[in-house]
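Notes follow the structure.
As written, the chain order gives the labels A, B, C and D, with residue 1 at the start of each chain.
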Amino acid sequence: MTSQIPALIIVVPLLVSLVVSLAAWIRQSLCYAAALCAMLVAWISAILVMGRVINQGVITYRMAGWAPPWGISWHIDHFNAIILILIATVALINLIATRSTAAREFEDRPGVFYALYLLFVTGLMGIVITGDIFNLYVLLEIASLSGYALLGMGSGRAAVSSLSYLFIGTIGASLYLFGAGYLYIATGSLNMADIAAILPTIEQTGVIQVSFILCLIGLFMKMAFFPLHTWLPNAYTHAPNSSASLIAPLTTKVMIYVMIRIVLFVYQPEFAFAEMDIDRVIVWLAVIAILAGSMLAWKQERLKRMLAYIIVAEVGYMVGGFWLGNTAGMTGAVLHILNDAMMTLCLFLAAGAVISRVQTDAFGALQGVFTKMPFSMIAFVAGALSIIGVPPTCGFFSKWYLISGGMEAGHYAFVAALIISSLVNVLLFFRVIEIGYFEPFDSHHHKNGQTVREAPLDMLVPLLVTAGLLIVMGFYANTLVTWIVKPAISAATMGGL
Amino acid sequence: MIAVVSAKPLIAVLVSLAVIPVLISARKPNVRETWTFAAALIKFGIIASMVPAILAGHTLEFTIAPLFAGIAFKLKVDAFGLLFALVASFLWIVTSAYSIGYMRGLDEHSQTRYFCFFAAALSATIGVAFSANLLTLYIFYEMLSLSTYPLVTHHQDREARSSGRKYLFYIMGGSIGLVLPAMIAIYLIAGNLDFAAGGILAGSIGALPAAALLLMLVFGFSKAGIMPVHAWLPAAMVAPTPVSALLHAVAVVKVGVFSVFRIITDIFGPGMLLNFGFDTLLCIIAAVTILGSSLIALSQDNLKRRLAFSTIGQLSYIILGAALLTQSGMAGGMLHIAMHAFGKITLFFCAGAIMVAAGIKNISEMKGLGLQMPVTMGAFFVGALSVIGLPPCGGFISKWYLAIGTIEAEQFLMLAVLLASSLLNAAYFLPIVYRAFFCNPDETMFEHRIKEAPGWCLAPPVATAAISVILFFYPQPFFNLSQLAVSRILGG
Amino acid sequence: MEELAAVFVARYNYWGVIILMGIGLYAMIAKTNMVKKIIGMNIFQTAIILFYISTAAKYGASIPIIAHGHGAQGHGIRAADYMNPLPHVLMLTAIVVSVATLGVALALAVRVYWNYDSLEEDEILNQIKAGQLNRK
Amino acid sequence: MKSIALTSVALLCAVLIYSTMGFPAWGDSDSPASTHVSDYYIENAVNDTAVPNLVTAVLADYRGYDTLFETTVVLIAGLACFFLLRRFKPRQPQHRLYRHIDTGITLIIEQGGKEPTDSEEFVRIDSRWVPYDLVIQQASCLVIPFLQLFALYVIAHGHHSPGGGFQGGVIFGATIILMAIANDLRSAARRVSERLGALMASAGVLIYAGIGALCILLGGSFLDYSALSKLFAFTPVMARSHGILGVEIGVAVAVSAVMIWIYYNLASAGRHEEGL
């Protein structure tokens, strides 16, 4: 039976989401408990799977029992095992932390919210776990469609932002599908490992190149790589808090995972780096993305919006780091996927906590929040320091690898962009901190006599746990790298690039 | 030399962090302050207990966690680090006492936050002193920067805000913008970042990149206050005086100097610097700062600002000592860390006591103050003598060795700089004393008699002044440590 | 000329698909009405569906249902006699996905209409700008 | 803007068209797409699953995992439309409208007036323009049963002819939608209520996923229907065939219910009254 543990990661959230959407019509109160149980089971099984991967190597799970090129199979190695844990952790923490927020934001439909929540998580985990390029598309759409719905439920501009996200997301996914079609025409297969085995043997006619570019552009759209990022800030700013803090940390990161997976494990480094010869161009684009993201963040006057632009810059970190093409850069990119997800979660949860008490995230209204909500703000500062890259928070360690990757590759513009963006992040966050810390709490600012006080415990504890994880992940960065990231990368690159 | 694995350094670092939860939960000020005291005493006790082992030629090591391939988060106690840690932890005890008097005397707000971050800053300082490699040092350095930010901006007013900005701009800008890339580059070149006698870069790098890295590091560790990255220090004087006293005369600035010292001796190494002729370059940088800051200090009326500029100059003495790369020069530099610390903290304590008792900040208002507050101004006089470098104070000893160092290194220009600077030091300190004791106060100034500051504020400066004098006659503890450290650096 | 014709005959359906895709993409970029954009999106997705279906074709092959399947139990089946079933399967999925996307897009469009009483992008943008001015 | 869009799209099309030169010729039965994986399906599907319709076999068995999520996508669309649009608080209209079924006369009853709720001859409508056309209503009444029968046939006969759960489900859903169009939303909702639709939608996917999970419990992989042979007296191959049928039924239930559910929410903008 233990061989079925990987299946639990997907099957349990899926089944429970269906049960939840049934229960939504019978007893709404059951929904949260069921969702919580499902996430716990998924989280535990993700950790068990990680253990098995470390002990026994790659796990291949044959769906419906069919052998790979004919049936769909899962391919679980170090890389996706750790991303699975990441997704489960973020979703679990966020589920607990946003319980009261969700109850307020979706007062008459929490059941359907939790169903969509679980389906979104299922979709992301399915994307990560699968070894089939078409199945990846289907799950991509699962995650995207539930994401559009979750994001579009906010008030005001949410629907319009979500709709434009839907347009760009659909173009992105369709371009990916188109690229997969080219691959299918050239190889006749949809299984990643099978394609990887066939590709080097076939004659190059430009079809592969075009498929590569199509997939890449599609994924760039999905991951909000500058200048294809335009959907992201609006979508995340106007979204309900309980869904923003789930979707913001995960979507872009999972898309970067897909990019790395496709490039390393389908097209393979020899083709992607040596033959295509676009790596330097992409790193330059990443440099622009980092700088532009940071500068645009500076212009914002709302917390969530600023965070959204920081995500744009962070995407540049990871894409650039990966396309540096050396071990240090890739290590940095992979590590930063993990770290950035946790940092973003921490910051969005902290922003959510503040919004739940202050009612807005405009900078002007944050006066005195340090005195009123000290613990939430400690967590916020921890997240901020991690984004800035101050040791011993985890952000420092991935930045270290990224910078050393840039130096090894001789790409000093990328190094400079990272440093500049770190410095800009200092300015960005201390601007917020200054407002919260120096300006006295002004009760005139807060209408209807709202008493601003510390966030409730069920919100605060997960937030502080996340903040603590940032530091723990910092101390265990080396363990992560030697046990998980290094094997993941060397599996694809056969030990060297 | 035997490397002993011991958890003592770790405990020494963690003691002050461990006390923070107690501080937060303690409702009564008395309990809180008792715990601060206890932590300070324990910390000093642990650090002092390491002295015999170090003097016996051992080093204490403790690896906390591996961070990157070839670099661990690792503590290592050697003579130089211990010297610095001794000074910092001893002065924390004194400052704790002083803090109580000062904070109560002025009835400051948010005292819990103040004591917590103070404790955290001390942890970071000791961490820097005991770092075994550049990365560990960097981690503690950043921790120190961030834990002092709330202390610098304690008053939470407009002035504190702009000072805080300046502070962050220089400190974080330097550490992220310059130190971090330089450190990574060194790691890529040398394969590790361990502090090793003779340096780790020798032979693997050309002159030009080496110069670039050296400058990035020297200016990047902007806590050392080398001109032109010194501007944060005068700005940081808006902090409560105990903060200025311990952190901006001892812990923070000395951490900067200590880092630069380590870079010079243990990353680049004397041999390499001599080869490329960088010693002169560093000497010139230090000399410019020494003279420049002394000249600026002359024109400052605010006492704390004048002290700040004086500090900037004195810090560069230490860097000068390191840059001389000779036996006596280095020993003088190390000794100066201790001697200057005791002298300067006395001066700051006195400035604070004057603030508490008379509410005076500016020198021009201090006419005749010596008659009203004889003890305070007496201590001030002793401190000033020590900083100027006159006997019978400890400062004389360190300057003496520095001077010998310049002769050994045949840098006679630097000798002249030292002498000129001493004159300037005298020129900006002695008038204060003169004015306090020998000028008659203006009619309106002291309408009612000013009493001495309360005992908590008075005892610490007297104690540190006394120690300054004692150190002149009995410098052995620090002297032996510095000799040991220098012999390791130059003998290695 | 004959060569050209051969190239045309061998690929014209792909070209048609690509042009159809261009039309859809153009509508999504250039049209300002949300519903027109949604229609463009559907054209775009349909083009990709047709693209896949094209790959399933084989000259001289029949639909992918094995004739007399039960009796023969698969003996003597020649792969060349039947169309490739895989693209059909994939596109069944893609069709469903595009229908679902259409549904969500329309639902969002309805919400947009509640908020702004309009589906024209420019008008919505104007209202957003005006709203921001009002708030300031 | 338009010219930029046009040029960039034209450029993209040109590049893509150029890239098709590397494709194998259309209809070439030796192309990689038609040989590598697909040959296996054509040659072995009947032996493996006893389903002559290869598309069904691949859809529900070899790539059944895809299809499970395909069904889930449909459910998500239903959930999303509900989530985004449904407004539970009904409008409080000034007056209520009732139509006398036989004559087609509309009664306007002001607030406080007596409402003919207990009479069989009146039906409540939501707006005055709700169409009332005897020909359409009667014609749809005639057609709908046959359409539904056909839908069931398509579902059931998916093993042997084009068809299956999706196609049948959509046809079935369309019949209810036809009813809603021909009469009005209220009369359709009296037959298939929103609650029923929503429950069916989730239940349909649950049937599919449940069969898959059952296979795990019986010792197979997820969706490995051959494991069902342990439960019933089938050979593994026939178990696959019957498993596919079960799955197709689940798909049909889900798809038809979601179609109806989406229509209710979209057509009434979430109020479940006539008119957007």
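In this text, a residue touches a chain if its C-beta (ideal position, glycine included) is under 8 Å from a C-beta of that chain, and two chains touch if they have at least 3 such contacts.
Predicted, not measured: the structure shown is a model, and the values here were computed from it.
Novice: Could you name the chain whose Cα mean is nearest to the mean of all protein Cα atoms here?
Specialist: A
Novice: So what's the Cα centroid distance for chain B and chain D, whole Å?
Specialist: The mean C-alpha positions of chain B and chain D differ by 75 Å.
Novice: Roughly how many whole angstrom separate the Cα centroids of chain A and chain B?
Specialist: Inter-chain centre distance comes to 44 Å.
Novice: Between chain A and chain C, what's the gap in Å when you average each chain's C-alpha atoms?
Specialist: Once rounded, the distance between the two centres reads 28 Å.
Novice: Which whole number of Å gives the spacing of the CA centres of chain B and chain C?
Specialist: Measuring from centre to centre gives 70 Å for this pair.
Novice: Where in chain D do residues touch two or more other chains at once?
Specialist: Counting only residues that touch two or more other chains, chain D contributes 16, 21, 23, 31, 33-35, 37-38, 41, 63, 66, 70, 73, 76-77, 80, 84.
Novice: For chain B, write out the residues touching at least two other chains, lowest number first.
Specialist: There are none in chain B.
Novice: Which chain A residues touch at least two other chains?
Specialist: 134, 138, 141, 145, 148-149, 152, 159, 184-185, 190
Novice: Quick check of your reading of the touch definition: is the inter-chain graph here a line, ring, star, complete or other?
Specialist: Per interface graph, the chains form some other shape.
Novice: Taking all chains into account, which pairs touch?
Specialist: After working through each pair, the chains in contact turn out to be A-B, A-C, A-D, C-D.
Novice: Which residues of chain A touch chain C in their complex?
Specialist: Touch list, chain A to chain C: 134, 137-138, 141, 145, 148-149, 152, 156-157, 159-160, 162-163, 166-167, 170-171, 174, 177-178, 181, 184-185, 190.
Novice: Looking at the complex, which residues from chain D come into contact with chain C?
Specialist: Residue list for chain D touching chain C: 1-2, 5-6, 8-10, 12-13, 16-17, 20-21, 23, 25-29, 31, 33-35, 37-39, 41-47, 50-55, 57-59, 63, 66-67, 70-71, 73-74, 76-78, 80-81, 84-85, 160-162, 166, 262, 265-266, 269-270, 276.
Novice: Quick check: in the complex, which residue numbers of chain C touch chain D?
Specialist: The contact residues of chain C facing chain D are 7, 9-15, 18-19, 21-22, 25-26, 29-30, 54-61, 63-67, 69-70, 72-74, 77, 79-80, 82, 84-90, 92-93, 96-97, 99-101, 103-104, 106-108, 110-111, 114.
Novice: Mind pulling up the chain D residues that touch chain A in the complex?
Specialist: On the chain D side, the touching residues are 15-16, 18-19, 21-24, 31-38, 40-41, 61-66, 68-70, 72-73, 75-77, 79-80, 82-84, 86, 88, 195, 198-199, 201-203, 205-206, 209-210, 212-213, 216, 219-226.
Novice: Could you list, by residue number, the parts of chain C that touch chain A in their complex?
Specialist: Per the stated touch rule, the residues are 21, 25, 28, 34, 37, 41, 44-45, 48, 51-52, 55, 86-87, 90, 93-94, 97, 100-101, 104-105, 107-109, 111-112, 114-116, 124, 128.
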